[in-house]
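So that we are looking at the same thing, I have put the structure below in structure tokens.
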Amino acid sequence: MSLNEIASLHPFFQLAPLVVFLPVLGLLINLLVGKRLGEKGIGAVASLATGGAFAVAVLLAVGLAQVSEGGTLTLANWINLGDLDVNWSFRIDTLSVLMMLVVSGVGTLIHIYSIGYMHSDVRHNEDPGRFRRFFVYLNLFIAFMMVLVSSDNFLMLFVGWEGVGLCSYLLIGFWFEKGADGIGNARAAKKAFVVNRIGDFGLLIALFLLFYNFGTLNFTEIFAQAPAVAAAAPGAIMAITLFMLLGVTGKSAQLPLYVWLPDAMAGPTPVSALIHAATMVTAGVYLVARSQALYFEVPAAQNAVMWVGALTALFAATIAVGQYDIKKVLAYSTISQLGFMVAAVGMGATVAGMFHLTTHAFFKALLFLGAGSVILGVEHGHAHAHAGEHGHDSFDPQDMREMGGLRKRMPLTFIVYLIGALALAGIAPLAGFFSKDEILAAANEKSIGVYVLLTAAAFLTAFYMGRQLLMVFFGKPRSGASEKAAESPLLVTLPLVILALLSVFGGALNLPGSHLLETWLEHSLAETAPGQFVLTVALISIGIALLGLLLAWLVYGRKPIFEKGQPDPLRRPLNGLFKALENKWWVDEFYHTVIVRPYQSIAKFSAGAVDQGVIDGVVNGMGSLVQSGAKAWRRYQNGYVRSYALTIVFGVVLVITYLVLR
Amino acid sequence: MNFGIHPLLLVTFFPLVGVLVILFLKTQQKKAIRWTALATSLVTFGISLWVLAQFQPGTAGMQLELRVPWLRLDGLAIDFYLGVDGLSILMVLLTALLTPIAILSTWSAVEDRVKGFMVFFLLLEVGMTGVFLALDLVLFYVFWEFTLIPMYFLIGIWGGERRIYAAVKFFLFTMAGSLLMLLAILVIGFQTGTFAWSDLLEKRELFAAAQTWLFLAFGLAFAIKVPMFPLHTWLPDAHVEAPTAGSVILAGVLLKMGAYGFLRFNLPLFPDATVRFAPYMAILAIIGILYGAAVSLAQKDMKKLVAYSSVSHLGFVVLGTFALTTQSVSGSVLQMVNHGLSTGALFLIVGMLYERRHTREMSAFGGVWKVLPIMGALMLVVTLSSMGLPGLNGFVGEFTILLGTFGSKVLGSPWFAGVATLGVILAAVYLLVMFEKVFLGPVKVEANLALKDLNVREIITLVPLLILIFWIGLYPQPFFNLINPSVENLVSMVSSALLAAH
Amino acid sequence: MPMSYFIGLSVVMFAMGILGVLLRRNPLVVFMSLELMFNSANLLFVAFSAYHQVLDGQLFVFFVMTTAAAEVAVGLALIVAIFKAKRTIDLDQMSSLKG
Amino acid sequence: MSLGLIFMYAALALVVVISGVGLITSRNAIYAALFLVLNFITVALLYIALGAPFIALAQVTVYAGSIMVLFLFVIMLLGAEQLPIAEPLRGQRVLGILLAVAFLAEMMLFVMLRGAPTIAGQAVSPEFSTPATIGMLLFERYLLPFEMTAGILLAATVGAVFMTRQPRPEHKSALPAVREEGQE
């Protein structure tokens, strides 16, 4: 539909392209004029751009409230080759607008937060010039995410998909000269990009399969033909959905390809909050939700998605228990929660999945930003405690073993962090409880195995969040830095408060009674399983959550560990198992030995032996062959007239023999 | 608005005017020589735009044809036959665009014998444009061989340490292939009595019997030039030893002559053989993609790495060509242009780094982005474009090629595209490794701290390429409109043979 | 007289000429054996001209003679020049022009 | 063919072979030259038998007369040194002989295979090759080759003269002044 047609549908819909162009505008302003605006100016422009996008999203939501089917707005014909006809068009429907709201909403809050955070982070890393570059990348990310979410066909979705992968590469490697021996951050960024690329490989193959089975890449046409093609070529849909699952595992850090997310914590904390908790990683969930019609055709694929999600949820939760870095714990917790969402969407409970996605965006962003404020405080404390010597001793501001007793030093951060943690753990009134409960209810009805896995994961979630709370905020400060830790400025804590409110009241979005979100999403999803409230499941989940917190208190609360060196109380009872948790089940090492090192040796072998040795060998060999041949013939040119005469006579004899024998 | 001279004739031979003027300048007048060369190549670019203006995108057949009887041996008619269509218009524009950029990049790079350098460079431009416009087999062969000579001297005289070895290797490789091609051309000539491309299309059945051998003869010459997997070892040596400008033109245009040759001669003239050999050529192309990517990872010298990446990228082009679907062939024609832009820019930046530190070893750099922010940013964009990131030109080409190859009836199975798509991952690996080794991480070497960022001239050389990289990435349709009709015509020509064959 | 007699004779003469050229190191003897080979050719010319009753054969002998004379003149001049330079005429001494 | 005639031809052939062998094996160049003269004369006799009297005479005068005299003259000039019998070039002698024998065998084989016919009429009419007819033919049909041989001879003489000239003292040149400074 062209601009004016859609305007007739609803005046607000024609604003849709602004969702992408506003962040791009912000990005260009900062890029070109940034130097003169100063830090506050840059922050303002960036936040305004994202805020503008949020406003447009709200307007679209209002528009959708009236015209609930939404519409598609075609901007330009991107590629038209033979029967490949792809347009750059915006799809305005309840699902995409929901994602826009979450992305731009949480995004704006994080933009405001990062003005304060980056102000000190940039000073800490002695490169004030980088402030501008951070906000350029952040706006680029919002723009690409909007392209992904608002696209009307799989190709534009793929453009956004890899675009956000690029932004996560740029932002993880923001401090590219920091990290393990100077190259750690850059390597983490490269790891993230390459692992994402492996996922994108799967999505690319799915795209090709889609094109050749459906003749188009457009959502509406594909979902319309889905039943027909499923009947005609069931294998095709199975292949498409499974390859798409490979893409999802890459982007949403599910089991086989999750390894990049923990390393992505190398990026500044607002990045972890925005990209690696709230928005980018949920792209996979959005993809499965969007192509739900395809998944319904192939139950086997749905099961695959469900099991991948459930297994990841439990697996990541176990690792989170053994981590010391405050952000690593949250990273594994994100992977685990994403496991919940993927399992939900896999079960067909798309609404529950999207609901958990939304609430998770709130409290996980809150937790990350809280962790950021804790890190700022501890760095601040460290600077004061060791004002004297300036040496960079091996102090790691993110290591929980350095912290302790921060609730007195940083009361506001503590309260907000507590709310976030309880919401994540799934304690009753908070948002986390409702969304997780809905997933557990759906799991309970769909397959007991998955339900057990998810409940175990929920228990472990409560446990490691309790552990983190106790280690960071309770007990005695374990290092000079944590003694002197100071509360972060208002600019940092304000967004925290807003997010805390959202975490508390987020549950209202889809309360068992009102099912607001469900009615909202009905318009764009094929068929949504009605989320019914099962009391028993709810009670069990609250019980599990409280049990987890209690156990954490028993282990970490009663006799808090004092000195820095003291081993983690869990080490003795679990020893071998705990060692495995600490080392992340050695998955990174496994991948390194099985994939990375063999590929490097193949590369060296093919560069050395095959290329230089064989091929060049043959080529140079021919060259030297000719030379040695020439050397051999030179001997005949020995200067003696008579030997030449001999050769001539030999020639004569040969000619005559030829004549005679002819 | 015709200056009385045929546009194609003008665009091909105008650089000779520059050569003439330069010959009269004294060797000491370096500045004058450089400006004359630049001016001539810019005017040639202007003329090529004028040719583009006269080119109607809609029609599939040859346009602006110029056919003048040239040689008449008894029974054999060799014409001076130029023409342009969808396949060659972009190549001519690319040549006309890259030459002034390459000349501009030699301002501070080439100091000795500037006169000789510029003369050879402009002669090279004549040869290249001629190759893309020639439609008479003999004329094509003449231009094909003619490009060898200036390139040989460019590498041989202004090259690095092992330049003689590299120049000779480059020359022999291409020469060996093209001799076979000459043989094939003669065979065709004698059997049909004409060398003109359009006439040969009608008389295809005359030499249809020897089609397999003719295909292989032409194919070998083009495979060496592309370069395809086993015949590629001349490329890294040629690139490492060539001066920056030489590398830009070598990667940007000379490699495309091979790929273009497949499209112009192998496919239309020997359709049955093409259909029969397509799977084997596709397999070779895929090996090239994966092998090139793997070997690039193990390289220590930046130019060698980019050279092997060219092997990998052109693997995609050849794969697209032999998949014989509209998407894949259009994609490969566009990918030829894309590769010229992104690899040309890569070589320019590597050349700028070489001018500053006089070494191409990646270990000599590290954390340079902190010291050279602008160069780092431009390098990042160019690396992403050659990696095939959506939104930039590389992706459009690669996606259409892979999409076309996936469902191509000639190759038969989707596995070809499946394995080739792995190349996309490997490309990301070695390019990011290069970017990391050179630009990221801490500044290890003291000398890197004193490096100066890009000056205005260097930025001007890169800007046109970047504009095109973004333009093709964001809105490729105008380029596809140019290519599409001719490609559809070519594919239908070949597929008619496919139907006949099955 | 049967032709095979003359052909046989000229072949023998020619073979002896070859031997002379190949085996002797004295350039003069080499030249003489060359003359011998010329002579065998002339013999055949005359024999066949008689056989075919065509005078042209004989005429050709004259041309052979003149070239032989010219060749000897130049050859001997060469030998004299070399003798002056190297004080020896042994063919094997003159081997500096080698590859 | 009468017995006497055969006997005469056999004798001539024998003389030719002996003189050839003599030429090859004689150590002293002069003996070789004399053997060659003998050879020329016997061949001249054969020419007469073949009905080519004028060529026979030419043979004797040109070959035996001028060329051999030239040889003898040069031999005298160079002192005809006796070169040692040793054969420095490895395999030269063996191969030489081998090739000569092979040549001989092949030609014999060739003649055998082709079965040379006998000369039609033995007696060739005396007017067959009188000097007049040869002269007429030479200047009619073969004028160009004749002129070319003249050219060859001229070139040969100039070459011979040039190669063997001695560096004679400078004759007086037209610019004495220049000459004097150049001299000191």
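First chain written, first letter: the chains are A, B, C and D, and each begins at residue 1.
By definition in this document, a contact is a pair of C-beta atoms (placed from the backbone, for glycine too) under 8 Å apart; a residue touches a chain by one contact, two chains touch by 3 or more.
Predicted model only: the values in this text are computed from it and were never measured.
Between A-B and A-D, more C-beta contact pairs join the chains of A-B. Separating the centre of subunit A from that of subunit B, both taken as means of CA atoms, is a distance of 38 Å.
Mean C-alpha positions place subunit B and subunit C at a centre distance of 64 Å.
Averaging C-alpha coordinates per chain places the centre of subunit B 69 Å away from that of subunit D. With centres taken as mean Cα positions, subunit D sits 102 Å from subunit A. Contacts with at least two other chains are made by residues 89, 92, 95-96, 99-100, 103, 107 of subunit D.
For subunit A, residues touching at least two other chains, in rising order: 640, 642, 646, 649.
Counting only residues that touch two or more partner chains, subunit C has 18, 22, 25, 92. Taken pair by pair, the chains that touch are A-B, A-C, A-D, C-D.
Chain contact summary for the complex, subunit C toward subunit D: residues 1-9, 11-20, 22-26, 28-29, 31-33, 35-36, 39, 42-43, 46-47, 49-51, 53, 55-56, 58-59, 61-63, 65-74, 76-81, 83, 88-90, 92. Of all residues in subunit A, only 640, 642-643, 646, 649-650, 652-653, 656-657, 659-660 touch subunit D in the complex they form. Taken together, the subunit A residues at the contact with subunit B in this complex read 76-82, 84, 127, 155, 158-159, 161-163, 166, 169, 173, 176-177, 182-183, 186-187, 189-190, 193-194, 197-198, 200-201, 204-205, 207-209, 211-212, 599-600, 602-604, 606-608, 610-611, 615-616, 619.
On subunit D, the positions that touch subunit C within their shared complex are 1, 5, 9, 13, 16-17, 20-21, 23-24, 29, 32-33, 36, 39-40, 43, 46-47, 49-52, 54-55, 58-59, 62-63, 66-67, 70-71, 74-75, 77-78, 80-81, 83, 87-89, 92-93, 95-97, 99-101, 103-104, 107-108, 111, 116-120, 122, 124, 128-129, 133-134, 137-138, 141-142, 145, 149, 152-153, 155-157, 159-161, 163-164.
Of all residues in subunit B, those touching subunit A in their complex are 169, 230, 232-233, 291, 294-299, 325-327, 330-331, 367, 369-370, 384, 389-391, 395-396, 399-400, 402-403, 406-407, 414, 417-418, 421-422, 424-425, 428-429, 432-433, 436, 439-444, 475-477, 480, 484, 488.
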